[in-house]
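When the chains are written out, they are named A, B and C in that same order, and each has its own residue count from 1.
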Amino acid sequence: MSEALLTVAGLDAFYGPTQVLHGCGFTVPESGITALLGPNGAGKTTALRAICGMVRTRGDIRFQGKPIGGLKTESIARQGIAHVPDGRGTFLELTVEENLRLGAYIRRDSRTVSTDFERMYGYFPRLKERRRQQAGTLSGGEQQMLAIGRALMLRPKLLLLDEPSFGLAPLVVREIFEIMRAINRDENVSILLVEQNAALALDLADTTHLLETGRVVMSGRSETVRNDEAIRRAYLGL
Amino acid sequence: MDALLHQVFSGLATGGIYASVALALVMIYNATNHINFAQGEMAMFATYVAWSLIEGGLPYWAAFSVTVGLAFLGGVVLERVVIRPVENAPGLSAVIVSIGILVIFNSLAGWWFSYTTRSFPSPFPDSRPFGSSLLSYHELGSMGVTLAMLVAIYSFFRFTSLGLAMRAAAQNPVSSRLVGIRVGWMLALGWGLAAAIGAVAGMMVAPIVFLDPNMMGGILVYAFAAALLGGINNPWGAVVGGFIIGVLENLAGAYVVGTELKLTVALVAIIGTLVVKPDGLLGKTVVSRV
Amino acid sequence: MKTTTWKRLGLVLLIASACLLPLAVEQYRTFQFTLVLIYAIAVFGLNMLIGYNGQISLGHGAFYAIGAYTAAILMEHGAWPYWATLPAAAVVCLISGFLFGRPALRLGTIHLALATFALALATPQLLKYRGMSRWTGSSQGIVLDKPEAPFGLPIDADQWLYYFVLAVTLVMFLLGWNLLRGRFGRAMIAIRDHPTAAAAMGINTAYLKSMTFGISALYTGVAGALGAIVVQFVAPDSFNLFFSISLLVGVAVGGLATIAGAFYGAVFIVFVPNMADQISKAAPWAIYGVFLIGFMYAMPTGVAGLIRLAGNWLWRRMGRKSAGER
């Protein structure tokens, strides 16, 4: 296993006075796909938000060896972490193309940005057809594609995905997951994935961490988790 | 007929000024959901700064540019220092704080520049073009300046990535942060821009209404009426509303209520809009979840 | 003794000293304290709207003006006795406040703020309107006679007016206190804190909000009528935007949603300009502005909150000491 890209240790996270994560610890290796799984309310989304400085945290978060805990969200994004939030975070009143342009906001190399546009349209041809359309008029699946495209325009080293399958038809979900595999392979970007759909996630991810009530209860290679009857029954309802 | 046309044209000229102040209001509203009641007094104060610069010997357009720059900086600083603490406060506190700013600027202007009314120079010749009776050079010129400014602002928001980021930050601050936009600075820039727009409007209107600490009170109310009529969340609406209100005010003043009740026209326009079409002509209905 | 007993005792002492006040100070001071009482009524009215109901008005000076002009016109043209104009001013302001609050109701704070701001700016113009000059005296305003003390009381006119205003103030605050702690008051607060829940509980929010606006205008209007009687003069330009803002300053300084705060706020807006005037004509307003912002940042509960905190602290200290002695 290569060196960890992101290391989280002893992480507490709070919404106001309510503590949601209790001493959470896990790593995301360089260049792989890692899944955070667990029941509703386990703190999966909060873990992603904590990494991006969107909630109050305590503990140690290191990205490429440098501590990023306590930094502002925008500064963390500038370090190369892109986050596709739950609800997709689309700029509904802007056009598809403007949404993608915003993804590349922090980049100053306009030439590579324009080739990246073409690459995104290559992954998601449907976005190209609709690029002058208001993003709010897109379907759920298209908005999810747009959100992933927007995140990739940052040229991130780490991509955080919060429930990309949420509310989408199975066919669309399969399409998006295929593209994610391709992206992970071709873009040299590591992915940390939060998913309700455990079966799909276990299929895609190399490594899996299981969360329950704000703690990591198990970490391991995805096929180990997949093949462990007891774990599947206890935590994943499979 | 000529008299009527004259009223319409000079209405369009003042309408341009209302449009720009309304645009400044809408920009801040869209970014923060707050109305800046101090917008008019900030513009008045900037106009005094311009007046001092001109009195100090600076040529008009140099004073103009310096004032716009200073107003921009002032707006940025004001946002960072005074507005920031109430950014997420309920509407009530924000309204009261902006009233506080209004009062402070008004009294500072009175303190430093005295309450006496002064004349303010126009950069345009003091005659009528082509011997026409429709428009003075100043009206024509101020219309030109306003339109140039509107085009510049439109281009900034439409074609630059900073403009795009400001729109994004206003619409969806959370997602904006996730792509690395410094949302706090975008708000400050918005205030700076609004202050600069106000300064231009103040300098264009001062030769007509004369310079005194209360000169912008009426103009601000017309700008409110314009912004509401056009739709408080739509910049285009603000501009259209500004021109409509300008013409309406002039016609009503000339033919209906007389000059002494002109402000009441704005009051009626505001309440009328609120009663008949609260979202304005071009505004979007905002539905909030509970 | 219990806290409430202490409070009652304090209140009685306070009222007693208020009664003795004009005998102890010079004439001009008596006049100033009369103004304090009048502004306290106006600020209390505005605080019902802002502090208790969560609405806003930047144009309450308009209702003060309506009250003042109602009193002045009835006295000048109707030869009404001064005391009889108060109920008339109350009714006129209740109705006009209710009607003004009505359209702005469905809308949020911002729209209400805009509409009332415009109202504040337009008020002087409306009062100057030439079509009504036969009644209002246009920009000249109306000059009134000073009422003398009745029943051959051995006090001068200023002292009499002070007592008259003090009596009205006590009645208005007693009624207001009753209103606020009753059903109506609870509904007002419920609407402020949880508008949706209040509507779901069956409170008729539209009616209640415009009624609150009406009652608030009534208080401010009665204050306006008293103001006209005491100052013996009404003129359009004294009811400009800045007058409305000074009432707002009174609410902010006194503290949102407190009854006693009205007096602190009134003291502030009567005496601070007096003192600051010596620095510059503009100084009072600069101070107002700073206080408006300062109180919103640091102390939304205003002076009343500060005093309550200090009182609690003292109370606890004294309690601890006496417990220790035992």
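Note that in this section contacts are C-beta pairs under 8 Å (C-beta built on N, C-alpha and C of every residue); 3 or more make two chains touch, one makes a residue touch a chain.
Keep in mind that this is a model prediction, so the values were computed, not measured.
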item	value
Result of counting contacting C-beta pairs for B-C and A-B, higher pair	B-C
Identity of the most central chain, Cα criterion	B
Chain centre separation in whole Å, for subunit C relative to subunit A (CA means)	57
Centre distance in Å when subunit A and subunit B are each reduced to the mean of their C-alpha atoms	43
Centroid spacing, where centroids are CA-atom means, of subunit B and subunit C in whole angstrom	33
Per-residue multi-chain contacts in subunit A, two or more chains	none
Of all residues in subunit C, those that touch subunit B in their complex	50, 54, 56, 58, 103-104, 106-111, 113-115, 117-119, 121-122, 125-126, 128-130, 196, 241-242, 245, 248, 252, 280-286, 288-293, 296-297, 300
Touching residues on subunit A, where the partner in the complex is subunit B	52, 54, 72-74, 77-78, 82-83, 85, 89-94, 98, 101-103, 105-106, 150, 154
In the complex, subunit B residues that touch subunit A	161, 164-165, 167-168, 171-172, 174-183
Subunit B to subunit C touching residues, read off their complex	29, 33-35, 37, 82, 85-86, 89-93, 95-97, 99-104, 106-111, 115, 217-218, 221, 224-225, 228, 232, 260-264, 266-267, 270-271, 274-275, 278, 290
